[in-house]
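You will see two complexes here that share subunit A, one where it goes with subunit B and one where it goes with subunit C.
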Partner chain A sequence: MEPGSQEQAIATNSTARLGWGRVLAWLAIIALLVILGAGLLRSQQGSVNVGQRIPDFPLTTFDGQTIHTADLRGKILVINFWASWCKPCEQEAADLEAAWRFYQARGDVVFLGVDYVDTEPEARAYLEKFEITYPNGPDLGTRISQAFRIRGVPETYIVDQDGILQFVQIGPFRSLSQIKSVIDPLLQP
Partner chain B sequence: MKLRLSFLWLVLVWLVFSVVALGTTTVTLAQTPNPNSITDDQVNAIAKYLYCPVCENVPLDVCGTQACEQWRQVIRQKLAEGWNEAQIRQYFVDQYGDRVLATPPPRGINWLAYIVPPVAILIGVWVLVQAFRSWKRPLPAPSSLPQPDHVSPEVLKRIEEELKNR
Partner chain C sequence: MITDLGYGALAITFFLTIYGVLAAIWGVRTRRPDWIDSARNAMLLTFPLLTLSCLSLIYLLVNGHYEVEYVASVTSTRMPLYLRITALWGGQAGSLLFWSWLMSAFASAVTLRNWQRDREFLPWVVVVSLVTLGFFLGLTLFVENPFDRLWLLPGGLAIKSFFAPEGAIPYFQSDGKGLNPLLRHPGMIIHPPMLYLGFVSFVIPFAFAIAALITNRTDDRWIQITRRWSLVAWLFLSLGLILGGRWAYDVLGWGGYWGWDPVEIAAFMPWLTGTAFLHSVMIQEKRGMLKHWNMILIILTYNLVIFGTFLTRSGVLSSVHAFAQSAIGPLFFIYIGASFVISLSLLLQRWQDLKSDLHMTSLLSREALFLLNNLLFLGILVICFWGVIFPLISEIITGQKVTVGPPFYERATAPLFAGLLLLMGIAPLAAWRHSTVQTLGKAVWKPTVVSLFVPLIGFLGGIRNWAALLGFWLAAFVACVTLYEYGRAVIARSRSRGESLPTAFWNLAGRNRRRYGGYIIHLGVVLMAIGIIGIELFQKETQGTLAQGEELSLGPYTMRFESLAVFDTADGRNVARAVVSIYKNGRFVGELYPRRDYYYESQQPMTIPGLRSTMEDDFYVLLVDWQPISSAGATFKVYQNPLVNWLWLGGFVFIIGTLVATWPESEKSPATVRARRRTPLAAKAS
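Right, the complex of A and B next:
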């Protein structure tokens, strides 16, 4: 090969390398932007909306019983997020328990308490203090609260027999009659 | 005499039982965890690397909420029970998820947090080096500049003469 054509070949090779480098750099930047965008979209999403199917989850109660919400289709589901350190949760604790006792005999309304970012001794003391008897369990790894994208506690989600969210209460319920006014219309005759 | 011997035997048996009972009590006390023996510094040494999801961006050692106070109490209890730092951190991760850690564990998408910053710094250094090199490169020689070809030699001569006369 002549010296001139050799130089030309080297120049062509280096240009090709530079081209591939640029392509890879752009791909890396685009991939990073896609990941960042997906993360931003996820963080911007609000909580589960009324009319949407709720994310199913297993809840292991403080008694060691595991309840799968998917197994509760056909029943009305009242999911209450609470914590022992949450003062507003105390305002509605007695009303929720009263509502549970009111519907318990029917068998078609299930109450679940999800204990958010709490410590077990204090959570147990809270349940004892308010004589709460419906199933309650810790939100291990905050998976349930993240799936529902809750904004804080207390929050209560009322789900119909098909697993569709029908009502969201942000903050505490004000009275037993308020809880009943949401559940009663969902009951099948 | 016989009565005195029996009395001595009774005292001896009582002493032996007392010593055994005291020893057992001491052992029992030693095995009972005492959270009060754990100092705040010991608790905070672990707490400063944990973040409660309720109080975002506030390390657990300086967070003043009731939730954080309960968490610090858990650390104190676990330390009293003989748990080490890694076990306690893992306990919090199991209970509340990876988000409680000050630094994300290096797995899955979390690797981006470790890879992207050094790669970005390296790329920045490379760009700077390239820029400095291009600034140090000498300017092209004037001869390589394009010469105006529409200026006749007579005109050029006249310009030079006028410049000399100034």
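Right, the complex of A and C next:
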């Protein structure tokens, strides 16, 4: 091959490479924007709002028992989304359990723990570590968390006797008294 | 009245930015320098105007003008003066104004430099800076206005608006909600400004880079001009990250300093590209290589800054840092899209002009090792970026939002961080252009041998964790190389010039500030690495409920619960404060007072740990719960955090090193004389 044509070949080669590079760079940018746009759209939809009826769901607990929220009308329902890998969840774990023990005897307050994107051994170890006794189960296929459009864990939804959402806690509860201060006004005398 | 003044200044500045952009472009198109000068003056004026606007808001905050919605949402009568001032950045609207103000300070400062040698950059630097500033001002003015007042509609509904809605009457509140207690911490008072300063100051190097692309002046000039700006930006960003870590350690009450939270990562990503940039510009300066690469890095840095701000403030991702749901998301999205597309188009257009004629000659040369260092930084960036957007991707593809947690980041980035440490040791010893295994080996073997004693001592001392031993070796290796380099240069200088060793040390650090400042930074990183290894691999924790007089043990420590008191304070808190005695190996070492403050007005509690801090370890006690009536029992969470203080010490050394590297180098200016007096102190601190 003559030197001139060789140079030309190299030049064409690098232009072709650049051409593909260009396409890839644009595709990457477009993909990123699509992803961000979709995320933004979803975040703008927001979660289930206070004052609305919650989407009912069945929860199969780690003990194999199945609980339907629709069967719990007439009781106050505390739904806590958590995960064993979630540090902030640990902050509220003891308080939630203490609140459960406080109301358990009354019989008209039910606590449900929904374990979000987790592995079972770790989740069980977490329940054991914090001595959690109220029913907990995995959110299989993240169906429950999607229905509630949770943004992360922990989040806690407190529902009144008619199935109407009364309170949402994003992030951990800070104390037992804070939990009580939300539940007490909903209790019927 | 003051509200109108602040709002008016804000509005005028916004229109001034639009005018500046148009005037600069017009000046270029018609080749009329007077228009460009006018644009420059517009940019200069943004700072005093926004200062006026910020001062107005501070006046409203300090004097408790609760008819202004922002004031009512972040201050209260019981807050001390300094917190009312810092409430300027305690909420979304105020912090956007504050962001713009800092940005305008940098934009104004850049107009004051001497432009004679690079006038062709001027209009485009003005355009990029003012577009960025204008965008943030637009958000402040039209979406999140800190000067909005509260109004009572005829129906009794309170709304916020700057101008009076029809039939509405002003709504005066007697008191506000007060600042989020988590933000009432010295670290939190300086953390956001530092981070914002880091963010906004990266706009300037980016503006010069874009100007260089547009004018096709693709030599090293833009890099020379922006070197110090980049270092300043990097300094503030680093400081912001370190202070954020300290704040988390003191306030968030999980015994850690870094949680791989999306927002932490959002601030960390521009730092990664910025750090890579600071290293790779040296190659362009010395060897004329990596021009594309530097352009890409600075473009990435700017876009990551905007991206990070978007993530924090739009509610797209959940995080402890996220601001409340906000309407600014879609606008940010459009801005990000435009910024991505324009930067990429410009870069691709000039791709051929940025080509360098030089190629790597040796895989062990310093430039090759620097490139490798860059790739490792970018590797960490890719991991972080993937972790942050993975929940969004998984949601699109599977409909499930899968969040990745700290274990993912820790496992994926740890080997890369180790690689960076190793390179930090080797690269300073490699020669530019050409280095062989022999030459490098000859330089490396002495520090290697010395550094091996550290893991050996660790092993004999009972450490069996191989990751920790490797980490300690790497830290020791970098420390040895750095000190060895320093020592060699000091001795050489002392011999050749007949100076005494301390004088030689002094002068050396003063002569080549970037190099020796860089070494101090490396030593800072070594110290931080020791702290990180300590807390990550050896942290111990336990928790227990104790009755008065009962004890809890962790490692060499025993803690005895002595008493607990609950009382109200004058500034509106209810405090539960426990007294615990700490014994180490059976010997009494002091009392700690972990407490829980409950803020009545904002109805938020805050956990303040009791902390016994030494260079060996921290003993960290949290009061988790207590029996309110009898005060007989209380639940504590206890951590032993080995070596964590090395992290903070390292952070301090790191900042000193950056200051040394940033300080102006010219011999005659008075600033240098001052700097010289300080440099030896700084160097000694390492």
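Here is the rule we go by: the second predicted complex is superposed on the first by the 145 of 189 C-alpha atoms of A that agree within 3 Å, B and C clash if a C-alpha of one lies under 4 Å from a C-alpha of the other, contacts with A are read in each partner's own complex, and residues count from 1 in each chain.
The criterion applied here is as follows: contacts are C-beta pairs under 8 Å (C-beta built on N, C-alpha and C of every residue); 3 or more make two chains touch, one makes a residue touch a chain.
Just so we're clear, the structure is a prediction, and the values are computed from it rather than from any experiment.
Enquirer: For A:171, select first, second, both or neither according to whether it touches subunit B, subunit C, the two together, or no partner.
Expert: second
Enquirer: Which of the two partners, first being subunit B and second being subunit C, lies in contact with A:85: first, second, both, or neither?
Expert: both
Enquirer: Mind working out whether A:95 is in touch with subunit B, subunit C, both or neither, as first, second, both or neither?
Expert: The answer is second: A:95 touches subunit C but not subunit B.
Enquirer: Touching A:117, do we find subunit B (first), subunit C (second), both, or neither?
Expert: both
Enquirer: Who contacts more of subunit A, subunit B or subunit C?
Expert: C
Enquirer: Check whether A:24 is in contact with subunit B, with subunit C, with both or with neither, and answer first, second, both or neither.
Expert: Touch partners of A:24: none, neither subunit B nor subunit C.
Enquirer: Just to be sure I read the superposition right, which of the two partners does A:140 touch: subunit B = first, subunit C = second, or both, or neither?
Expert: first
Enquirer: Have a look at where A:35 lands relative to subunit B and subunit C in the superposition and call it first, second, both or neither.
Expert: After superposition on chain A, A:35 lies in contact with both partners, subunit B and subunit C.
Enquirer: So, does A:125 touch the first partner subunit B, the second partner subunit C, both, or neither?
Expert: Once the two structures are laid over each other on A, A:125 reaches no partner at all.
Enquirer: So which positions on subunit A get touched by both subunit B and subunit C?
Expert: 32, 35, 85, 117, 141-142, 146
Enquirer: What does subunit B use to touch subunit A in their complex?
Expert: Contact set of subunit B toward subunit A: 52-54, 65-67, 70-71, 73-74, 93-97, 99, 109, 112, 116.
Enquirer: Touching subunit B in the complex: which residues of subunit A?
Expert: 32, 35, 83-85, 117-119, 122, 138, 140-143, 146
Enquirer: Quick one: in the complex, what on subunit C touches subunit A?
Expert: Residues of subunit C touching subunit A: 253-254, 256, 259, 310, 314-320, 325, 329-330, 333, 336-337, 340-341, 344, 348, 351, 389, 391-393, 395-396, 399-403, 405-407, 596, 598, 604-605, 607, 624-625, 628, 635.
Enquirer: Going by the contact rule set out above, which residues of subunit A touch subunit C in the complex?
Expert: By the definition above, subunit A touches subunit C via 18, 22, 25-26, 29, 32-40, 42-44, 46, 85-88, 90-91, 94-95, 98, 117, 141-142, 145-146, 151-152, 170-171, 174-178.
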